[in-house]
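Each in structure tokens, the structures are laid out below.
In what comes next, chain A is part of two complexes: it sits with chain B in the first one and with chain C in the second one.
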Partner chain A sequence: MASSAAIPSSRVSALVSRLGRDPILWISVILLVTIIGSAFLADWLAPYNPIQTSLRARSKPPSLQFLLGTDEQGRDILSRILFGLRLTLMTGLLGLLSGLAVGIPTGMLAAYFPRLDMALMRLMDVILSFPAILFGLAIAGAVGPGLTGIVISLAVATIAPAARITRSAALTVVNLEFVVGARMVGLTNAQILWRYVLPNCTPALIVYSTLRFGQLILLGASLSFLGLGIAPPTPELGVMVSQGRGLLLTAPHIAIIPCTVILLLVLSFNIVGDALRDALDPQLRV
Partner chain B sequence: MLELKGAVKRYSGGGSIFKKRWLTALDHLSLTVRRGEFFSLVGESGCGKSTLARIVAGLENLDDGELHFDGRRVPDISIFKDRQMRRRVQMIFQDPYSSLNPRMRVGDILREPLRSFGWGDAPAIEKRVVELAEIIRFPLSTLERYPHQFSGGQRQRIAIARAIAATPEVLICDEPVSALDVSIKGQIINLLIDIQEQLGVTILFISHDLSLVSKISDRVGVMYLGRIVEIGDAASVFSDPRHPYTRVLLDAIPTVNRDGRRQGAPLAGEVPSPFAIPTACRFRDRCSLAFDKCAIEEPGLDAVASTRAHYAACHLRDRAQPRKAAADPPRIPGVEIFYTNTSEHQPSNLAKETA
Partner chain C sequence: MLINQLGYRIAVSLPVLLGVILLGFVLMVMVPSDPAAILAGEAATPEILARIRSELGVDRPVIEQFWRYMVRLLHGDFGRSLLNGVSVVDEVTRTVGPTLELLLATLVIAIPLGIGLGVLATAWRGGAIDRAIMAFAVVGMSMPVFMTGLLLINIVGVQLGALPVQGRGGPIYTVQGLRHLILPALTLSMVLIGPIARMTRTSMLEVANKDFVRTARSKGIGERRVLVGHVLRNALIPTVNLIGLQAGYLLGGIVIAETIFAWPGLGRLAVTAITSNDTPMAQGTILFLALSFVVINILVDLITGLLDPRARGV
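On to the complex of A and B.
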């Protein structure tokens, strides 16, 4: 990857040395790798069929037979978590990427063409003024509940903050002399934005995307919890929490286990994102 | 080669939306730079030097007046969208730390103008990159590195190589050595002089360093508040300044004199605000020679009597300006460096590093 190669090696080594000093960061990295890895290998790792019900094994607590217990319809929770994670991560990633695909160009255009700045950023403010959950409700109402609606909601929730982050990073870049130098060399605006401005915004964007990914997972799970996303019996973390909600007193593990997985996943993304921010983009530290 | 006629450039500087305040960066400035010469422009900070550079480089439009390039009028900068036109004027910037894209290898930085200006096919471009590396004395292995791996002087050499890559006709240098150490300055200046001799490129050199300018220029223009106040052959302007402002600038050069005292009084007052340029003679507030006429009639930039190529915008231009140091040109420690290390240039540490 050309852009990561250009990150001064001192930053990379700072990240590595920080990894050695910070046990929580270590744990987060290991957790992330484990969670993402096992989600990808769900087909091989899952001990049971995630949608196979069993009337005799309903709402069983964790045991040797069912490591994380079963839900009210006797489905293995571990298997459902593994497949649910895969779906959650995929929707989060799709939402993030499509949001960035719109937000990054918007932010760069706003920074590079001062005339567009006002209009574009006020438009972003309008989008930002809707709570993401509300937007999700509206989109689910328009396209119907399902994967598409969730991805669109996550993308919309990403566009405005991504545009802002990109704009602020690009604003410092476009005023540097090498951008004027690129104009002197006769490059077109598109070439300058793509080859000069964007690569110099990547540290901020990498940091932002990592932090944002955790938030999107939470948002996606929330939408599913509200019944706007993936419909049962397809395993999805938010759906599982929603199904376990009614049994919190009698079989608390049904809701608590997916909740814990979401918590660990989001927390890990935040901790790793913070570490990346400190290493790659110290100016962003608040 | 380059000609400005009555050039005006204003920037809006706040004020209310009903009555904007305008900052006059260039005020009916006229200037001619001849083909192949080393023309220097000097003046204090904020006098419009860099604005002039940006105008001439085709980065900004004039508000009024005309820019002529090689005898042809430049109606507005959109003609620089034509890359063959753009190729002819190139620029070197002041800060070598921000003028190179930190995400591009040096080789790619040099290939960029060659590709953009259609230098030729890939082998031709590579051949030219090797030539450029030779001109700036960079071992070929260093072309794979990124700009942050080089010092300021080395970066400025990369910037020079990029600017001359596609053989421009005019090279605008906006304070190219102000950010560098004295010893590195010498290397960069010598490199520019060599390049000019070899390519015959016209150089517009912008600086506030008069001692440096006096050593290297063919002609020099002195700018004050958006206008040229004195212009002529460097030898003539520096040995016999006819505008009081030039004289004060020359007197302000730190010198090492036998008695250790400054000659002449330092310049009184501050540069007037470019939001409100004084009427008539713009220098009269600070001029020790000002008299009634200076407040009434603006002096034109007219030829000094008994000279052929020396113009000054002062009513007293034909009266020799008293300047004790005139007989003994200013001696500045460090300036000799420009001459002492011409031969060895700078193959120094870069070669060692890679060896």
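On to the complex of A and C.
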């Protein structure tokens, strides 16, 4: 059973044919690719320096010269959005991956070694009952505002659900013949987990990660918005909203544009995640 | 069974609270600023600083500090604000009322609206109304709380000038109090409406094919009564459960909504305390928020147990 066998090709083709019938899904995929792509090409695409202030071009509405306008210090919003997106996406990805790196092994160990199950899953219950934003607040208080605090809180918010999902997916295979057989021919536990158990958890984990990523971006942006994340002048979407908040009367675009970008990004992740779930893992309710 | 469930929840919650206390303590030790310097002000001599440090106990070994901290907590002493010397307990009890008001108003808006939308979507499943409601739900779930808040402030508060956007107007039973409450509560409701509507629809569709529903229909009961009296009643349990699961998001939403609308509640108190390095206040508010989260979850478990005898097993 190779890793590709864990995702039956019929499901993949169902997904592809759905893509043809569902225009909203299409738009979301294109939007995601565009947003992620332009964030990574920010160095080339950004028309201006994102932290260069200009006294003469303060709080300008969108125009041909500044496509998305300028903020209260005369910085080009489009350039700040592009660089801010990159930071937001990187923070989310780093948080997600570190969370998965702890959560997946935990879930597999719990499923594979019944003796560990109880202790590990109760530990996950404990982490799960700690609201993510509260953890973010506490971490920001402890390590001071900054990227580290946000990544840690995003990771912690990922660990427990990832462990639960991995465990329930792994439980369905650990007692099947091919795993028992692998044990009999003398493969080590680590080899069995890596080669046979993990591939069977991938569909559920792909769905989970996609749906979760949107939530992580929201969480990270919220923490930055509260002033617990990246410090100005570094462009970050939540920080940009928070700075534009005071100018809602005179220049609403400063706050509304980064908000809209976050909304579109999270919305696309949610729509694509829903479609992936319907196709790969209909049982999963995240 | 119910007692077992309650016991299990409390047993699981104790380590959470211990973790919060530990985290709160680590926060105090790790914060780079010197609390004595904040307390003493600018004119402090080294002698005064040393005296304050020994009064606070921050010159002792970390383990001893933790022990003293725990002992103080068990005596109900949460310390005083470094900024203005107000007792943390007083400040928390002062702000918890407005936060509960906001929470109550949010639930009053979000639960009927979410369930109502879910029922409507089920009644017209597959049609345009269904798709519109589900689109609204997913947009609501994807919108950052601060965006909902800023949009409502901009449109309802500023452009229409219809409702106040800053602060609390008074107790919840006065007109001013209610007017001030509407926008923050609406903002926070958006966190719940989408998930509730989706969950109501999903679980109603699951129940809709069951035998007892077919029996009800074959007895000649009207479609509306079947949907509400038979399908919805049995579909409510997962929805109640979901509200408990969303409590964490709701808590995050409260913190942001209170900050945006300058609502004098616990969430805003926590953020202000953390951003201004007021450690005792930060510890106290975080501990209290975590405690209330634990209590909410225990309550939801109990309600689900009452609604559905099958859910009572651990």
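Assume the second predicted complex is superposed on the first by the 279 of 286 C-alpha atoms of A that agree within 3 Å, B and C clash if a C-alpha of one lies under 4 Å from a C-alpha of the other, contacts with A are read in each partner's own complex, and residues count from 1 in each chain.
Keep in mind that, in the parts below, a residue touches a chain if its C-beta (ideal position, glycine included) is under 8 Å from a C-beta of that chain, and two chains touch if they have at least 3 such contacts.
Because the structure is a prediction, the values reported are computed rather than measured.
When both complexes are superposed on chain A, chain B and chain C sit side by side without a clash. Shared-chain residue A:183: touches chain B; no touch with chain C. An angle of 100 degrees, to the nearest 10, separates chain B from chain C at the C-alpha centre of chain A in the overlay. Applying the stated contact rule after C-alpha superposition, one finds that A:199 touches chain B and leaves chain C untouched.
Once the two complexes are laid over each other on the shared chain, residue contacts for A:137 go to chain C alone; chain B is not touched. In the superposition on chain A, A:214 makes contact with chain C only, while chain B stays out of contact range. Greater residue coverage of chain A by touch, when chain B is weighed against chain C, goes to C.
Closest CA pair between chain B and chain C after superposition: 14 Å apart.
Note: no residue of chain A belongs to the chain B contact set and to the chain C contact set alike, using the contact criterion stated above. Against chain C, in their complex, chain A makes its touches with residues 24, 122, 125-126, 129-134, 137-138, 140-145, 214, 218-219, 221-222, 225-228, 238, 241-242, 245, 248-249, 252, 255-256, 259-260, 262-263, 266-267, 269-271, 274, 285.
Across the complex, chain B is touched by residues 2-3, 6, 8, 176-178, 180-187, 195-196, 199-200 of chain A. By the touch rule above, chain B contacts chain A in their complex via residues 57, 59, 80, 83, 86-87, 89-91, 93-95, 98-104, 112-113, 116-117, 146, 148, 159, 162-163.
Those residues of chain C lying in contact with chain A across their complex are 12-13, 15-16, 19-20, 23-24, 26-27, 30-32, 135, 138-139, 141-147, 150-151, 153-154, 158, 202, 247-249, 251-252, 255-256, 259-260, 270-271, 274-275, 279, 282, 286, 289-290, 293-294, 297.
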